[in-house]
Amino acid sequence: MVLTAPQRAGRRRRTLAVLAVLTLAAVAAFLTVDVTGSWDYALQQRGRRLAAMAVVAVAVAVSTVLFQTVTNNRVLTPEIMGFDRLFVLVQTVAVFLLGASTVTTTDPRLRFAVEVVVLVGFGALLHRSLFGRTERDVHVLVLLGVVLGSTFTSLTLLVSRLIDPNEFLTLQDLLFASFTSVDRQMLALSAVLVVLLTAGVWRLLPHLDVVALGRDTAVGLGVEHRRVVDRALLAVAVLVAVATALVGPITFLGLLVANLARQLLGTHRHAWVLPGAALLALLALAGGQLVLEQVFGLNSALSIVVNFLGGIVFIALLIREPRQ
Amino acid sequence: MTTTTDRRDGAAPPRVRRRRGVQRWHVTAALAALVLAAAASLFVGVGDLTPADVLDLDEAQARVLWASRVPRLLAILLAGSAMAVAGLVMMHLTRNRFVSPQTAGTTEWVGLGIVVATLWAGGTSVFGKMVVGVVFALVGTALFVWLLQRLVLTDVVVVPLVGILLGGVVSAATTFLAYRHDLLQTVDVWMNGDFSGVLAGRYELLWLVLAATVVAYLWADRFSVAGMGEGFAVNLGLPYTRVVMLGLAIASVVTAVVVVSVGSIPFLGLVVPNLVTLAMGDNLRRVLPVTALTGAAFVLVCDVLARTIRHPYEVPVGMVGGVVGGVLFVWLLLRARRRVA
Amino acid sequence: MIEIESVSKAYGGVRVLDDVTLTIPTGGITSLIGANGAGKSTLLSVAARLLPADSGRVRVDGLDVATTPSAVLARRLSVLRQENAMSVRLTVRELVAFGRFPHSGGRLTREDHRLVDEAMAWFELGPLADRHLDQLSGGQRQRAYVAMVMCQGTDHVLLDEPLNNLDVRHAVQMMRMLRGMADELGRTVVLVVHDVNVASCYSDRIVAMREGRLVAEGPTAELMTPELLREVFDVDVAVHELAGRRIGVPWS
């Protein structure tokens, strides 16, 4: 069926509205279901976790969508390129070199700053070596990312072998995504960063829509391609660092929500896709956590479940894609 | 731009010559080096054993040599060569350079199999785990192939990506199961390639992979033809589906046996075939023996590193292999890219 | 007017453009011809600032393409490359509307919408306006891309092999439309064409290249000679006059 432009726009608005309602419902349920004892305390506790989820949701959604736009590829995500595994590696190396006690007692903001610097550096390196001359060899890029990610994991394992078993336990706590142990100062800092970056990105939106058409077309249409890509990638590196530093790696979340948002909204326009993806991410996190806690009585396995579902949905997407 | 392709065609002869540069004496030299390295590796370890001792072994030294060192060396050679060949065969049959047991989810399926066997099949014996592992590997590879057939977009990246994602899903399931049943560490130990547990009486099932490798060699030409695509294969009168199935089954069985016996060595099945075919071209019959040798050498070197890096302690070879293989592969990719650019 | 001044470009040590100097005058259709690897597409890309030149410079209406802000150039010059695979799913209307980006920065005015409709009508894309590009045939898609470039409304239009994927009927249609853009709308159209007879029948000027160098340029009739075609393509080409047009026949 061929829809006209106004019909499409109407459907997009409705889809986004439905998403918003669903997300609100999940959020409300997350805050209120099964409260025992003091409401004040429960709301405060859960409110903080929810805030962390919201920050992560926006950071993951925005970073993934931007990354896919500047690489002109819908299967790439910063996580697939090894960003989050690098994060894990840095944590591990830090514990190895400094000892678990030093790491956990260091000001989380300092730890965070170091993480951001390393990730931005890595992003710049990737950028320099891969976006430099030829822009087309995406498969080299993907493969490189996958290989780097895997290498980081091996290195992490290797280093963690050299770590005292007790310290290793501390490390594991640091690494499994968990919204329960978020530091309040860190949360505030992350929220500010995410808001600032998203606002900055918002000004780039029309240009990003053009960049998504590919480099040549974008240059032909007068977009300063290089500059837009540079800025977008900087934002991506910081956002990924924020999300991973806050709750640890959730590899497939971005892949899942960015593609679902595009699929559901039927457009690639960033003004639609970004809010859609962010809502989906929050829905997945709050809803997922709710289901895990209420149905399975678990509270720290969310990343595993997201990876499981995310992977399945994504394979389905890849397979259905060309038939449209 | 057509100019560059034309010019490059013009520049082709020297490259062809370079490819022929891998000559018989290279292979012979590599083989000799491997034999030397293998012999040397027998004398690396905590127990005291020097080459001079071999002529006059006392009882303890004989025990170390025959119960530990020799089995370990054999396990390394068997696992290394077989995994590399499995990767090569898979790469050919799926017609994609980046498909290997490690990028098709096969390894992860074996991991799931091991956990399932431990939990519900009472599979405490290695043999039990292996049977379940083989079944899971076959099912997993079949699922991957089934997905590929559904995939209209058989892009060179999308295919391994589907495999990697599939592996991710399976390993998430494995992690979840292990997490619920407090088996995370066991899984880690099982999945990480490690030869330190190899002793006489506990690795012999690995000989199975030698049989699989020999079969792969005997069928090399068929796999070559099948690798040219269904149209080619049918035109040449080859039962395409059967050949592909057999080849993938060989790769799956090899993967399962190796992972269950000694754990996974990341990149082995991906890096080694890619390196070898890059140097020698794609003629399977010619490349396969060299791939097997290179695979064995790769694992041998990694194992020696793993044994010496923190002497007297050992680091699992899987981690060393993951780092070495990863770095090697990144270098390879960037180099290949620079040459094209 | 496009002025190309001793432009050179090399890929990995191979010179694909060798000191090319050329002026493409305002108006009409200019076709770049030459064998595979002659450097036509590279020259077009350099002129459209998609590729940087190693040396030399290109000026469009007096503006140096290497230093002029891209957005300014996009209002004077539009370009379409041969391969336009996109990773995003767009409808024809959405694609064509991007042609207005240099003017409206993504927020379309009423006038923009009118121009989009006009461009789609010009290329007979009206009935396909709300289809996605991946639902179109290769020829329809090609027309949509060219419509986008036309919608950009620039004085200079650079197209690399615009007849790619088109069957005879659509190729003729496309060339007529381009002719119309030059004659009725007064655009300066520059094409890379591999069929020398298309160049002969539809263009005002021909630029002939070989191995990265300029061989000759001038009015079509002057260049369609057996001697020149032999020099360009390295093959004997008989040139016949047919219905007032010069047709080259390499098959002998």
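Lettered A, B and C in written order, each chain numbered from 1.
The criterion applied here is as follows: contacts are C-beta pairs under 8 Å (C-beta built on N, C-alpha and C of every residue); 3 or more make two chains touch, one makes a residue touch a chain.
Quick caveat: nothing in here was measured; it's all calculated off a predicted structure.
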Exercise for the section: Specify the chain with the shortest distance from its C-alpha centroid to the centroid of every protein C-alpha atom present. Expected result: A
Completion exercise
Outermost chain relative to chain A, judged by CA means, is C
Exercise for the section: With chain centres taken as the means of their Cα atoms, state the distance from chain A to chain C in Å. Expected result: 42
Problem - Distance from the mean Cα position of chain C to that of chain B, given in whole angstrom - result: 50
Handout entry: Separation of mean Cα positions, chain B and chain A [Å, integer]
Key = 33
Problem - Where chain B touches two or more other chains, by residue - result: 341
Completion exercise
In the complex, the residues of chain A that touch chain C are 2-5, 8, 72-74, 205-207, 209-210, 212-214, 216-217, 219-225, 262, 266, 268, 324
Handout entry: chain B to chain A touching residues, read off their complex
Key = 98, 103, 147, 150-153, 155-158, 160-162, 164-166, 168-169, 172-173, 175-176, 179-180, 192, 266-267, 310, 315-316, 318-323, 325-327, 329-330, 333-334, 336-337, 340-341
Exercise for the section: Please give the residue numbers of chain C that touch chain A in the complex, ascending. Expected result: 48-50, 69-75, 78-81, 84-91, 93, 98-99, 101-102, 105-107, 129-132, 134-135, 149, 152
Practice task
Please give the residue numbers of chain A that touch chain B in the complex, ascending.
Solution key: 75, 129, 133-134, 137-140, 142-144, 146-148, 150-151, 153-155, 157-158, 161-162, 251-252, 298, 301, 304-305, 307-308, 311-312, 314-315, 318-319, 321-323
